Amino acid sequence: DDGGSDSDTIRVGVNYGTTGPYATYGTSSVEGTKLAVKEINKNGGINGKKIELVEMDNKSDTNEAVNIATKLTTEEDVVLTLGPEVSGNTKAAISVANKNKIPLISPSATDDKVTVNKDGSVTEYGYKMCFNDSYQGKALAQYAIAQGKTKAVIYGDSSSDYSKGLTKAFEEEFKKQNGTIVASENYVEGDTDFNAALTNIKGKDFDVLFIPGYYNEAGLIIKQARTQGINQMILGADGFDSPTLIELGGTENLKDVFFTTHFSIAEENKDIDNFIAAYKDEFGKEPDAFAALGYDLGYYMADSIERAGDDITPETVNKALSDTKAKFSGITGSFSMGKDHVPVKTIKIVELQAGEPVNVVNFDVK
Amino acid sequence: MSQFIQQLINGLSIGSVFALIALGYTMVYGIIKLINFAHGDIYMVGAFVGYFCITRLASGFFGLILALVIAMAACAILGVIIEKVAYKPLRNASRITALITAMGVSYFLQYTMVYFVGPSKRVMPAPFENTVFKIGGITFNLSTVIIIAVTIFLMLLLQYVVKRTKMGKAMRAVSADPDAARLMGINVNQTISFTFAIGSALAGAAGVLIGIHYNSIEPLMGTIPGLKAFIAAVFGGIGIIPGAMFGGISIGVIQTFAAGYISSLWQDAVVYALLIFILVVKPSGLLGKNVKEKV
Amino acid sequence: MAILSVKSLTKNFGGLCANSNINMEIEKDELIGLIGPNGAGKTTLFNMLTGVYEPSEGQIVINFDGKEKDIAGKKPYVITKMGIARTFQNIRLFKDLTVLDNVKIAMHKDVQYNLLQAIFRTPKFFKEEERMEKEANELLKILKLDTKIGELASNLPYGEQRRLEIARALATNPKLLFLDEPAAGMNPQETAELTELIRFIKEKFEISVVLIEHDMSLVMNLCERIYVLDYGKLIASGNPEEIAQNPRVIEAYLGEEI
Amino acid sequence: MAMLEIKKLELNYGVIKALKGIDMEVNQGEIVTLIGANGAGKSSTLKAISGIEKISGGEILFNGEELSKMNAQDIVKVGVSQVPEGRRIFAGMSVLENLEMGAYLRKDAEEIKESLELVYKHFPILKDRSKQNAATLSGGEQQMLAMGRALMSKPKLLLLDEPSMGLAPILVKSIFSIISDIKEQGTTVLLVEQNARMALSIADRAYVMETGKIVLSGNGKELMDSEEIQKAYLGG
Amino acid sequence: MKHLFTKKNLMWLLFGALICIAMYFVFGVVTQKWQKTLITAAYYIIGALGLNLIIGVSGQFSLGHAGFIAIGAYSVGVVFQGDATLANFALGIAIGVVITCAVALIIAVPTFRLRGDYLAIATLGFSEIIRIAIQNMKITGGASGLSYLSFENINDHGMFLMMLITIVLSILLIVNFVKSSHGRATISVREDEIASEAMGVNTTKYKTIAFLIGASLAAIAGAYVGPMNFFIKPGDFGFQKSIDVLVIVVLGGMGSLSGTVIAGIFIAVINTLLQNYSDIRMILYAIILVTTMIFRPKGLFGNKEITDIFSKKRKEAE
């Protein structure tokens, strides 16, 4: 394969779990990116050069993520790699990226430590496009308190670092603001029946239920909670952001649900509408937050490569990526890359009533 | 008290789901001693067939019946094909070899489905109004009632078929000694195909009903319930049909009480610990007889 | 002085009493027959004596070295280590292992090296292995299996499998040997050979033998004393002549005088 | 024409040649016995007839039909049943269910019931134990069960592989008289036995096998008196 | 001493040494991608050797290997939160093996009364309990796992060499065990437990010994996971991992150590080759798995060893 030496194309590695437990999220991300790349190439590529994605499936497995990262960074002549979608696998892959000096961007590895080295310094070649868990968790706690909610129950995914990270940040901030955590319950990824824990929760005196988790489970939790008669406010993070949440939960149950996100289908925004239309056209379904982040990742990557100048190498691309002044504006909001390789962007809070997003507000984290 | 009853109902509800899948598991195991890891995936295929029936062909009560019939038929055929292609050549091989093959079949079904429909969750539309009953502070769904009823009905039916009918006796004879069974004039291949057809049809029915119950389906949905159902079958005494029912319900109730009264963090650990404890006390499962081999 | 005394031994399977209140004694160097109709409980008795079944009631006392020990309910391997060996009515060889390995496994209880010595292959290991190899070969020669040393047990014809079972039992170095229908499936010629073989073994290894057999030519030729079981009860005991004429035995078991 | 005709039958287990060209016949209404040392190939012959083992050469004709082209279950359908070596009873099923399996292909409930009564008459212990798990029967009881199960199928030709093995002397006698009875009732019997004396005494004709070949054949009484047979198979 | 190297032994050593030298040589010339593949293979081989001892030799059906791998991985992982040095690695292995043996004993004592699939479920249950415990403990980092686990001063070459040495020592350990009276006793348990006990073999003891050795090898395999992946999380040690290891054992042939080695490499190579077929890789993997099992139901090697093939050839020549 001499694709890399072909000066007409720019090769970009893609390292996601499109099979295994994270398949849903991985696939959405990849699809978003593919859509973006398709559009970019149709519009002439980057300075006339087409982007070529070298896709590989890491089976949602850490070892496989490392092996694929190695393969991409040593044999495929890529200028940067995208993914994985979850924090753990991203941490593993970033070690390879640093070793082989090829930058890596993850669209959705939210763990605070992803872009941090053992000694506390920032990873040289690792970036992310999403919030840190602590940032979102803190925002949610502040929002709940601002709404006058002081007694929270947390129902999280004990098998997910995302959920754990959110929980930790939320708890800290909530307590700091004089809120109390009334109870904590847990599920594990893939569960479909949540009634046992919900029955426990129902017996508690609380005013907000925080579900740090992804829409696949959250949708069912909300449905089962509302069926059991839990009518309190429900809070979630960007893992909620998917039409599937509403389908699974059922419109009648999705009331008083609030979640943080970068992007929302509810927003009045032409770019977002175009994206949704194009995505539906391409893949026959509604996009979720992963798809949106993947889509933005496509454009952000292209933007960075363009900024790298004529000599497109991993080094120049890395330089462009780490440029904290460059502003990027996409459907998940506009941001610049922070010094810590985490984007600086504003959080939006979406309110669902009767299954419809009725309100989207920008939220400033204090 | 009402919380206790609610948890009991929650447990029965999950348990009946495991039981329904475990029935087919135990049936196949009882006859050919194969841990058919693909059973959970046949259940998944059943759910998808049901999904396409309900969304494309008909809805309402008629839709449900149609979906059940078509899903059961499709899964029966699928089960028979799988047996012919993947398991039959391995009849005389070690059981662990067959288990690995079953694992291979399981991957194949899962990822072929992913290839065609993608990995995402889909919402299974309910063909009937899934009424929520509220009595006192206690709530439960119509679908739970249906699943429990169907499970009990199928258990009785299966038990009757296996214990009383000629085909059932042929199945048990084949299980005990295939060569001797042939000497009785039993068609071993046909009997095993029949077993797979029934077991897979059960999985198909389970797929439709459980898909409706949780109103969601996905290509990997079979893995966890499949594993839990297998555990349930062992718990009740593998190969014993009422054992599957009993094991499934027990696992469901234990899991729920563990989550409700111990810790949801440790619920699976509690289930496993109790499972091991019970197996140590009753090494052939709850309903299994501990027959010592006659020497 | 009896080396084995069975005292009011009883075994129930649910409602079925397979052995009830059995009393028997076996002296050193005796050759004893145990006969009785099918389902009388002979194999069950062997199973209790060798620890496969736990008796419902009663005692099994051994006395090989002047010390009495009750072995009722002890695990089979413990009993074997004390000096009791057996063969099985339904042959239970290690089918996929060679004839030699079948015998060597039975010698394991007396092996003189431990796990670490085996893993680090100390000289002791090799010395012991050599000894076992030699002894196993000798034993197989006695049982006329020396030409089949490398065969898999499952490939032997029936008669040789029965002999291998005996070889294997002898390899545990027993003082008391139980044989469960050793001549089943053999033709009269082979049975005659086996009769001689058992007699020879008893002399050579100075052991007591108890055997279950339905072939009267073997039993009457070989046994010094015979116990008769019927419906789980001991109905007669004595020397072959007495037994052959005992009307109860004739009625229940023999069918006619022999 | 003979009921069962075997021509140049060969059977291999991998490289082992178990049968090396066997010719034999069984006529309607006869008891024919097959004797020989351990490993001679007696059981292999029966297995070949009932289709449990695939043959490597030759022909097996039953009333003119080629058995070797049929499945085991179809061979039972045309009226050949076997009491296999080693009993092969169905563990986990009760004694009664085992007997019922013998009548698997029969339809007439009344007749089946009659057969059952007959089996119980021959082996009363089976009646006592009709609910017991067959796997826990004693060795001899299992042998009776295997025999009873074959009687339940009412075959035209009954193949018996060492039916007297492990039975008490008193039962050995009754087994042979049962076999004679079966013959009286019109069933043809092919009998493999180690107890050559008894077998020859009830047989119309006999074949002697050695290492995969038929070495002698003749009428039962004749063979019993032959010196060769006396020495090799009757123990003197 | 003259017997220290019997012909068989020598053959094994020679075989082991040759393979190792060959592998190490290969490692030096292949690209990083294949180096990773070989490292993955080596990891699976160590784990599968242990499982083969449990399943292939002692005949106990264990579905809980992932639990022991996890213990090894986390022991090293926790120690490596300090310095990721060789000494700490050794310490981690030592801790891992000790914990594993303790846990394996706890498992073995009650559950070895169970047979076949009941044992499988019990071991599976224990393994899941281990994973859930790790997921809920602080010291293990919970669901977030442990990061920064690469060796400080050892590169992939060095690590691979260590893994090769581990493999050779494991094979030697298993062979010397199996080809001793204790090993024969263990095999007899697999062949016929009742007969084995009647021959004076304490079956529980030998099942337990095989289980302890096998579990310890799993822990040692696990020790390499951190340095290999830089990161570990509880999700990596689920039921699926036990199956992955089991596949290698069965594919290679139960009871055959050479089979395990070859199957480990086979699976790792297949995996790497399939990386190029992103969307159908699992379908292809499934098809390969099923067809191999159908055409080689006893595994690639049956219960034979490479050395058997040599010695047979020689016997024929003689």
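Details
Chains: A, B, C, D and E, in written order; residue numbering restarts at 1 for each.
Just so it is clear, a contact is a pair of C-beta atoms (placed from the backbone, for glycine too) under 8 Å apart; a residue touches a chain by one contact, two chains touch by 3 or more.
Computed from a predicted structure; not experimentally measured.
Shared contact partners of chain C and chain E comprise B.
Each step here moves to a touching chain, and the least such steps from chain A to chain C number 2.
Taking B-E and B-C together, the chain pair joined by more C-beta contacts is B-E. Each chain's centre was taken as the mean of its CA atoms, and the one lying most distant from chain E is D.
Farthest from chain C, judged by the mean position of CA atoms in each chain, is A.
Remark: chain D and chain E have CA centroids separated by 50 Å (rounded to whole angstrom). Centre-to-centre, using mean CA coordinates, chain C is 31 Å away from chain D. Between the Cα centres of chain A and chain B there is a gap of 36 Å. Each chain gets a centre from the mean of its Cα atoms; for chain B and chain D, those two points are 43 Å apart. Counting partner chains per residue, chain A has residues 18-19, 21, 158 touching two or more of them.
Within chain E, residues 136, 194, 279, 282 each touch two or more of the remaining chains.
Looking at chain B, one finds that residues 111, 114, 265, 268, 293, 295 touch two or more other chains. Pairs of chains in mutual contact: A-B, A-E, B-C, B-D, B-E, C-D, C-E. Per the touch definition, chain C reaches chain E in the complex via residues 50-52, 75-77, 80-81, 85-86, 88, 92-97, 101, 104-109, 111, 113, 115, 118-121, 123, 125-126, 128-129, 132, 168, 171-172. Across the interface of their complex, chain C is touched by residues 1, 3-4, 6, 9, 173, 176-177, 180-185, 187-188, 191-192, 194-203, 209, 303 of chain E. Chain E makes touch with chain B in their complex at residues 55, 61, 110-111, 113-115, 117-118, 120-122, 124-126, 128-129, 132-133, 136, 194, 239, 243, 246-247, 250-251, 254, 279-280, 282-283, 285-287, 289-290, 293-294, 297-299. Against chain E, in their complex, chain A makes its touches with residues 18-19, 21, 55-57, 59, 61-68, 70-71, 74-75, 87-89, 91-92, 95-96, 100, 111, 113, 117-118, 157-161, 163-165. Residue ranges of chain C in contact with chain B, taken from their complex: 43, 47, 52-53, 88-90, 92.
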